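Naming follows writing order (A, B, C and D), and every chain is counted from residue 1.
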Amino acid sequence: MDNQKWEPKIVAFVCNWCTYTGADLAGTSRMKYPANTKMIRVMCSGSVDPVFILKAFERGADGILVSGCHPNDCHYNAGNFHARRRWDFFHELLDFIGIEKGRLQFSWISASEGKKFADVVSKVTKDIKAMGPFTNYQKMNSEFTALFPEEANADSEIINQIKETVL
Amino acid sequence: MNLLKEVFMKYGYFPGCSQTGSAKEYDISLRKVIEKLGVSFDEIEDWSCCGATSAHVTNHKLSTALAMRNIMLAEQQGMENIIAPCAACYNRLIMSQFEIANHSGIRKETEELLSASFQKDVKVFNVLELFLNIGIDKIIENRKRELNDLKVACYYGCLLVRPSGLTKFDDAEQPESMEKIAEATGAKTIDWNYKVECCGAAHSIARRDIVVDLSKKILDDAKYHGANVMIVACPMCHTNLDMRQRVMKRTYPEHEDFPVLYITELIGLALGMDEKELGIDLHFIDFNYKDLVPENSGVG
Amino acid sequence: MKELREHAKELLEKGEVSAVIGYSQVSEKRTKPIIVTDPQDTDQLVFNEYCLNNLAVYLTKARIKVSCRTKDKTLKLAVTAKPCDVHSVVALIQENQIHREDIHIISFNCHGVAKDFGFEFSGDNIASKCINCETHKPLYFDKIFGEEKETPKASDDAMERIQEIERMSHQERFEFFKNEFDKCIKCYACRAVCPLCYCQRCITDKTIPRWIESSSHMRGNFAWNIVRAFHLSGRCTGCGECERACPVDIPLSLLNRRMAIKAKKSFSYVSGRSLETPTLVGSFNEKDNDELFM
Amino acid sequence: MKIGVFICHCGENISSTVDCPRVAKICESYPGVEYSVDYKYMCSDPGQNLIREAIQLYKLDAIVIGSCSPHMHERTFRNAAFSAGINPFMVEIANLREHCSWVHDDIESSTLKAIELVRMAIEKVKRDKPLSKINVPVTKRVLVIGGGIAGIQAALDVANAGYEVVLVEKEPSIGGHMSQLSETFPTLDCSQCILTPRMVEVHQHPKIKLLTYSEVVKVEGFIGNFKVTIKKKARHINEDLCSGCGMCISKCPIKKKAYNSFEEDLAFRSAVYIPFSQAIPNIPVIDETVCTYFQTGKCGMCLKVCDRGAINFDQKDTVMVADIGAIIVATGYKLYDIERKSADLKYKGYGEYGYGKYRDVIDGLQFERIASASGPTSGEMKRPSDGKEPKKIVFIQCVGSRDDSKGISYCSKICCMYTAKQAMLYRHKVHDGEAYVFYMDIRAGGKMYEEFVRRAIEEDKVKYIRGRVSRIYEENGKYIVKGEDTIAGMPVEIDADMVVLATAMIPQDNAPALARTIGIPYDKYGFFNESHPKLKPVESTTAGVFLAGACQSPKDIPESVAMASAAACKTIILLSSDTLEREPVVAKVNEDLCAGCFYCQKVCPFGAVEVKDVKDINGIVYKEVAFINQGVCQGCGTCTATCLSKSIELSGFNNEEIFAEIAAL
């Protein structure tokens, strides 16, 4: 891959109350940070499932950031505490399996920390750039797409057509 | 496991210039006491000036590089901890580490000067921290006699507990760790007011008059609060408080001799060593524990 | 053995339990699980170094549970469980799958089991989980049999393998696990034998949205094995049945054990050891390690 | 499904770095998109009309708006969609302003990012399901925790609006710190004279139920429907029988065993006591720890002298449960422990000032008691050690405050003012006395505040020295205050007769514990957090819980009162409707698939997960599953991530939607 042109793809899962609002503040304050990170808003850092991370890697993400409210500052009191325990395990598991810790990063960013948000996103982007594309996963992704083109592209389409009856 | 490791932790020893000259007895007593307590240390080979006094007031770069050179040597010689008994050395070493850790520019500059890179986090301790690490219980366990006839004024001086952001082991304004250690020897400690006041430090050479005034206040307050001996953990303080008492007498004829010991000497006495062994006879003001013991007690 | 059979018989005859889940001998070095409901059949029950299966897995099976329930009362279910299997029972109780008062635990003083059927029980052939086992006596039981014997000494190869992997670079580790997971045929035997995989519908069977790809490709294999290990982190009691059941010999215990080490190191928690301790998953401490977070 | 995409330029806020027409054009080609357009101001009336018309013209089912943050205009666009006939929850916002145009410079890369953001929103909206708001009933009763001036004001305001109030105070009397003060700045009117009528009003108000010597031990439920458990500690006095005659107090033989905490330990009290003479309610308490009867089983003097038989040694703590609609927390503050040596290592003490060692080194509240006409010296300036009138007094500001090295970082806000007041009071009482104040800065923002400080300096000749004090020690019966005058650039030493330390205000010791009980966040010091520092200063982040007074941050009396009235007003607004509408972002369990491990119950911060029995046709329970109470659930989704079998979904943010967003990357 041409490293000159390569730009990392980064996904951030951010909680609605602190980090998303902090990102809003970074915007209102016109702070600049790289455009690589796309945010997915969730209600609480406690609601981010580790499978979301795997899904993002499967969709070609080079790096992931999960961010929520500071401990004791959670809009839901304790969601972030549960998240902290969950990520401690998951991060160590991924590391053991051979996924570098820098690929998945975490932060606490409050609604008033616009500066911190910009700094964290810049740092994550810099880290991922230094690590280069996540070829290990992307090799699997391209193999998969070659083998199962319908399944790879159709996820979204199929889902549209079938409605889950049980829910 | 960790606990054992702490106790038998090996220290690198950075004596500094005073320990080889004016504070020879501090060096002697420190080595003896440490050995008695079952802790060993290796002197850092090829150590040099810490960058205090002249260097740090004239050339910032030089003083940082000098300090970091010694830390680098310790690192290269496989030492994870350094013990720096002189308060000025201690201050220079931790200050330089702080600057290196917080200013990438200074770090780069110093690394270039020394043609080395700092990898590990070498910890620097002063003697108070050293004894707290070894454990006060250890002193009590090995105690051969209780120095309960001593009323000790613990004098910290200006550098030992400052700057407060870096020396986190004790309160900068109202420290208490030296008292804890002193009490382990069986001695009583007194509550007094001048324990972190300035003794005049390096003005000892150029402005003896200032030093005499400041030191006199310190000694007087200790006496006023009932102390019969003062302990210090800094060669500079000792010079001012012990050696300058002679000059003090010229200005203040009413001044009476007041013994000033290093903390290591106090511990040494408690561990059963005698004054000569610890180098106390090298002091300007005589001290003999027996003189303080009431005659009929028969202890000594 | 005699006492075990008599005890089981008595339980069934008095109607205290609806069934006894136990082991029966198949051949010299092989046993199989058996669910005894007729007092006459209790003489098939055995206990020895070849009782490998973790019978706790049957406690959550709906058909067995249903057999205990009548309109008026719930009968108990007796289970023969090695001390390590009792850990699984404890975990199941903590996760509300069974109630302590609904089961009757028959346990043994244990000195280890063979690594698989057909192997002579000795230091060389001892199951990996028995090497550093600390619970030779069950922590919870209603009836205990067997005498205390010395556990054969053996070296902890699995631990060495974990350390070996940790010495590898990330790239090497990734390759290592990729090769291992590549073998996975998604038979889900690991899931079937695991007492803690009691979900009625596993996450991997959830199709809308599709959580884990089930096509015969590495990517789904990778996801499945990571999710399996993650779902068991802090919960796995280390019975090792998944690895024994795996037909393609994926070293699943490596992952489980690595996560158990993490649980112990960071949270001083070992799963299935105490009914009083809150479960690791689902609880938190304000002072949990915060280093991960910027 | 037909989707409409609306890209807003926001004047030039978005369009300056995002090529809006290009974004709209590209979106046209996405599957499911029926109509895509860009416009200068989508939130304006014509912009909203454009959306409404497009919805009707193209028969859209869902819309995506590329605009500012959803926190700005989500509601606006949802209302617009609703008025055009589609469900308001079929609206998704792609944040093109705060998260894109404002933070990136390069037009190409921000346009590409904008396209991706809109595509993610399109994929999410495809999976959105129509939702409807949830209605919950409201209990029209308010709990006020804390009976200081803030709690008193809040309780009176709510009660005067016609709603019932339960006022809980942990001390035997309401009044709080304000009742201890002598005079108040900047008017120098007597604190108790203005407070006591309020206290009486609370006591007599038919709508207020006053529970003193009581504590909140448990809070369950949610906005409009809290269940609060209150422990009423045993007074050992029957409140219904006691007439408050005070006979028991005067006859109690224990006179000098316990310090009077209302007098800040400057005086003693008997074992049976009322904190101060104007206490409300005027009913004593027996202190078990010093009472001879409780210690030895003998005495019972009070029992003998009480002609109404109100003494009851066997009285036990009682617990009651109240249904509450909203909670106002007004627990106030305490002073920083200056001499602190052991218990809480969070704060290092100021051993060098000798507080606790020298009796004449006192804190601000102790000075208030000495200056107070009802205090231990009856308002005469007498120092605690020997009762002599101090001729030279030193006040030290910022003891604990604004001190990163050993205290706390924040400014306690009121000390500049009360020190000026105390110095002034001293000068008014001791005409030949000298008063010195060591200060760092004088912060006297407030109506008539700066003028007040100037008056202390100019009229009352209080000597202000800018600098810190390093040490205080005793020498020949004087307290030597060593400090620095940073304006003169000289060290100073003052031989004072008495020293007053203006110690920092910190939260009550049990504030974090109470916060956890109620379920509200607190900052690193223990002050309760407001929902928004500017726009929601009296709301906590937990719906239905409001904050008043110094429990939120240091405050003076007028600020506490203003905040209390604001909190009361917010509470009244809440209670004025019979039901509450709530966002439908709540979790739901698929009972068929739930394995009943109840990890969701363990992680739920709100106790919304209940156990539900599932029975077969014979009525036999065959499994237990989780059930989420829609009224209690706040929609954090922690349960959905914890659920191993993925049997819980969060409406509005379900897994299908999030997967689709990831897939759209």
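Observations on the model:
By our rule, a residue touches a chain if its C-beta (ideal position, glycine included) is under 8 Å from a C-beta of that chain, and two chains touch if they have at least 3 such contacts.
Here the structure is a predicted model, which is why all the values come from computation and not from measurement.
Central chain (C-alpha centroid nearest the global protein C-alpha centroid): D.
Inter-chain spacing, taken between the CA centroids of subunit A and subunit D, is 33 Å. Centre-to-centre, using mean CA coordinates, subunit B is 48 Å away from subunit D. Per-chain Cα centroids separate subunit B from subunit C by 59 Å.
Shared interface positions of subunit D, defined as residues touching 2 or more other chains, are 592-593, 603, 642, 655-656, 659-660. Across the assembly, subunit A contributes residues 50, 72, 78, 82, 86, 155, 159, 164 that each touch 2 or more other chains.
With touch defined as above, subunit B holds no residue shared between interfaces to two or more other chains. Pairwise chain contacts present here: A-C, A-D, B-D, C-D [touch as defined]. Of all the residues in subunit A, the ones that touch subunit D in their complex are 9, 11, 17, 20-21, 23-28, 30-35, 38-44, 46-50, 52, 55-56, 59-61, 72-79, 82-83, 86, 111-112, 118, 155-157, 159-160, 164, 166-167.
Against subunit A, the residues of subunit C that register as touching in their complex are 165-166, 168, 170-178, 203, 208-213, 215, 217-219, 222-223, 226-227, 229-230, 233-234, 255, 258-259, 262-263, 266-267, 280-282, 284-286, 288-290, 292-294. Interface residues of subunit D facing subunit A in the complex, by the touch rule stated above, are 1, 31-32, 69-71, 95, 97-100, 102-106, 109-110, 112-113, 116-117, 120, 123, 126-127, 516, 519-524, 529, 532-533, 541-542, 585, 590, 592-593, 603, 605-606, 634-638, 640-642, 649-650, 653, 655-656, 658-665.
Those residues of subunit D that touch subunit B in the complex are listed here as 348-352, 357, 405-406, 470-471, 473, 480.
Listed in rising order, the residues of subunit B touching subunit D in the complex are 164-165, 171-174, 176, 191, 193.
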